[in-house]
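Attaching a single structure in C-alpha cells format; questions to follow.
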Amino acid sequence: MNTKRFDEGLKKLKEIDGKAGEKVIESLASIAPDLAKYTIEFPFGDIYQRSGLNLKTRELVTISALTASGNCQPQLNVHINGALNVGCKPIEITEVIIQMAVYAGFPASLNGMFVAKEVVNSYSKCITSESS
Amino acid sequence: MNTKRFDEGLKKLKEIDGKAGEKVIESLASIAPDLAKYTIEFPFGDIYQRSGLNLKTRELVTISALTASGNCQPQLNVHINGALNVGCKPIEITEVIIQMAVYAGFPASLNGMFVAKEVVNSYSKCITSESS
Amino acid sequence: MNTKRFDEGLKKLKEIDGKAGEKVIESLASIAPDLAKYTIEFPFGDIYQRSGLNLKTRELVTISALTASGNCQPQLNVHINGALNVGCKPIEITEVIIQMAVYAGFPASLNGMFVAKEVVNSYSKCITSESS
Amino acid sequence: MNTKRFDEGLKKLKEIDGKAGEKVIESLASIAPDLAKYTIEFPFGDIYQRSGLNLKTRELVTISALTASGNCQPQLNVHINGALNVGCKPIEITEVIIQMAVYAGFPASLNGMFVAKEVVNSYSKCITSESS
Amino acid sequence: MNTKRFDEGLKKLKEIDGKAGEKVIESLASIAPDLAKYTIEFPFGDIYQRSGLNLKTRELVTISALTASGNCQPQLNVHINGALNVGCKPIEITEVIIQMAVYAGFPASLNGMFVAKEVVNSYSKCITSESS
Amino acid sequence: MNTKRFDEGLKKLKEIDGKAGEKVIESLASIAPDLAKYTIEFPFGDIYQRSGLNLKTRELVTISALTASGNCQPQLNVHINGALNVGCKPIEITEVIIQMAVYAGFPASLNGMFVAKEVVNSYSKCITSESS
C-alpha cells in the first residue's frame, strides 16, 4: 500500500517527466525498491509539492546544481527534459548552464551543455514528429 | 584604464550587492588585482549582462549551485544578500536551499541555510534601522 | 501536529546524539522550520529506522562519507559524537577516517581527524566528569 | 624486487577481489607501473592490513565514500564485488547506498545503486553457474 | 565580428591543441554558441595569454586540477594532449597524476591515469605514422 | 623505530615546510599517530622523492589541486608556504590560483587567493624581520 506522499509524488513526477517515475521504480525493483519509494516520496511527494517557488524555477535551480556537481548526467538529463515539460524555454536552460562556468568552472558548464544539447534535440524531434 | 566590460560589470555588481565589488577589488589589491578585474569582467560584465534570464532567477540558480557545492560560504553570503537586493523574497531563497537536500544531501542544505539565516537576519535589521 | 515519522525520527536522533535534534529544530526555527522537520523525518524517521544495518555501522559509513566530502564539519562532529553514543570505539572511528586517505586523499583524512580529536577529547572529559 | 608491503598488499587485494590486483598492474604497466605499485602497497599493504576494523566494515565504509563522491564507478564496482567476497550481504551494501541519499543527495545514491545492481546480478549468476 | 580576445584565444588554443577550438565551436553551434565564445575568450584569450607562468606549467597545473576533480574526462583528454603539444614529456604528466593520489585519493588518480594512457598511446601512434 | 621511508619523508617535508612535519606529528599524537606516520611516509617518503618532476612544479600542481577542491585551506596554507620555501615566486603561485577560476570556478579561485594573501604576507614579514 502506497503512502499518500508516494501517490502525490508519483503524480508530480509524471507532471515533470512522464516516464521518469516508472523508470526509476522499474530499474530499482530487483535491487532496492525502497530507494525508488524514497526517491518519489521525499523529493516529489514533499519538496516539489511545496509552494514558495514555482515548478519552472524549481527545475532551473535543480539544473544549476546538477551541472555544477558535474557527475549526475542521468539526473541532469531527466531534469532538462522536465524543465522543458513544465514550460521552461531552451534559452532559460542554456543560460543557467552557461552561468555555471562562473561558479563551477568551464568543464562543468561544457559537460552540462552537451547533455542539454542531446535532450533539447530529442525533445524538438519528438514534438515535431508528434505534431506531423 | 578599465575595459567596457569592467565598467559595466562593476555597475551590475553594485546593483546586486552594493559593496561586494569594492570589497573584492580592495581585498585583492595587494596580492592579485587581476583576479578582481576578471571577477568583475567575466561574471558581471559578460554573464549577468545577458538577457534570457532575469536577475532574480540568476541569483536563485547561483544560490543553489553554491549551496550544493558546500564550500563557498563567502560567495553564498554575497549572493543571498544580492538576491534580496534584486527582489527575491526570503522564502524563495530558503526554498532553493531546502531543495538542495534532495540533490546534494542534508549537510549541504543545512550549512547553506545557516548562512541564509545570518544574511536574512542582518538584512532585516539593516532595513529596520534604515527606515527608523 | 507532528507526523509519526517525525516523532520516531526525533526519538532515534536522541538515541544517537541527545541534543542534536533539539539544536537543529531551534537553530532553524526562525528561518526554515520545515528543513528541521525534513531533517528529522527522512534521515532519522525513515533511513535510520531501517533494519539490514545496525546503528554502529550506520554511523561508521556516515563518518566515512562526511570525511571524504571534506566540507561537512558540523555534521561530522555530530556523527562522531553519535558513533560514540551508540557504542563505537574511538579506534573504529579513527580507522574509518584513516582509510579515507586512500579514497579521498590525505587532506580530507587529516581534516576529518582533527574533528575527531576534538569530539573524542570532549567526550572523554565529559564522561570522566560525570562519573567523578 | 617487490617490497614486503607490496606482497602482503597483493595477497590482501586477492582476498578482497581475486582479479583486481592483476588487472590494475596490467592496465598500468605501459603507462605508470609505479602507480600500480603504490595502489597495492599503501591501501592494501598498509591500511587494509590494520586491525581495529574488520574487512567487512572496511568495505562498507569504502562503498559509502565512493557512492558519495559520485565519480568513482570503476572503484565502486571493485569494492561492491569485494564486499560480497568478504562476506557482506547484498542488503548491507544496498542499505549503505540508500543511506547516502541523506548525506550526498539522491543522484549520488541512485547512481551508486545502479552500479550495485550490475555487480550483484553478475555475482549471483557467477555463483549459480559455478555451483551447477 | 570576433573580439580581439577571441581571435587571440583561438590562436592560443590552436597552439595547445590544434583541433579543440574548432571542435568546441562546432559542437556548441546549435545549442549555445556563446558558451564556445566565452570558452575561447576567457580561458585562452585572457588567462593562457598571461606571463608569469609558462605554457608547460599551465598545462600541468590544469592536469592536476582536472584529475583531482574526477569528473572532467573530456577536458583532461584535451589538456593531456595539449601538454604533449607544448612540450611536456609523458613522464611529467604521469608524475602529476600519480601525485594526485595524495591529494584526491587513489580512485581519482587511477581514473586520470587511464585517460592519460589512452591519450599518450594515440599521440605516439599519431607521431609514428606522421613521420613514417 | 621509524622506517626509512619515514625518515626520508620527514627530511623532505622539512625541506618544503620546516615545521609542518613536527606539527602534524604533534597534533595527531593523542588521536591517531599512525596517520601522521602515513602522511610522512607516502606523500613525502614516496611521492615527493620521485624524479621526473622538480619540487617547484610538485608544489604548483599541489596548489592547483587544493585550490580547485575548495575545502583544504590548512593544506593549501602549508603548500603555498612550501612553494615559497622551495623557490617559487609569489607570482607563479598567484597565476596558478587565478587559472583555477577557469577549471573550478571563481569562488574556488577567490577563496584560494585569500589563503595565498595571508601566507605571502606573513612570509614577507618573516623574511624582513629575519634580515633586519
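Per-chain numbering from 1; labels A, B, C, D, E and F assigned in written order.
Just so we're on the same page, a contact is a pair of C-beta atoms (placed from the backbone, for glycine too) under 8 Å apart; a residue touches a chain by one contact, two chains touch by 3 or more.
Source: prediction; values computed, not measured.
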Lowest number of touching-chain links that must be crossed from chain B to chain F: 1
Farthest chain (mean CA position) relative to chain E: C
Same or different residue numbers at the chain A/chain F copy interface, by half rule: same
Chain at maximum distance from chain F, centres defined as averaged CA atoms: A
Centre distance in Å when chain B and chain E are each reduced to the mean of their C-alpha atoms: 30
Interchain centroid distance [CA atoms averaged], chain C/chain E, Å: 41
Per-residue overlap in chain C, given as positions that touch at least 2 other chains: 34, 38, 42-43, 50, 66, 68-72, 75, 94, 98, 100-104, 106-108
Contact graph of the chains (line, ring, star, complete, other): complete
Chain B contact footprint on chain D (complex, rising order): 68, 100-108
Chain A residues within the chain E interface of the complex: 70-71, 90, 94, 97-98, 101, 106-111, 113-114, 116-117, 120-121
Of chain B, residues touching chain F in the complex: 24, 27-28, 30-32, 34-35, 38-39, 42-43, 66, 69-72, 74-75
Chain F - residues contacting chain E, complex: 42-43, 47, 50, 52-53, 57-58, 60-69, 72, 75, 91-92, 94-96, 98-104
Residues of chain C defined as touching chain A within the complex: 34, 38, 42, 46, 50
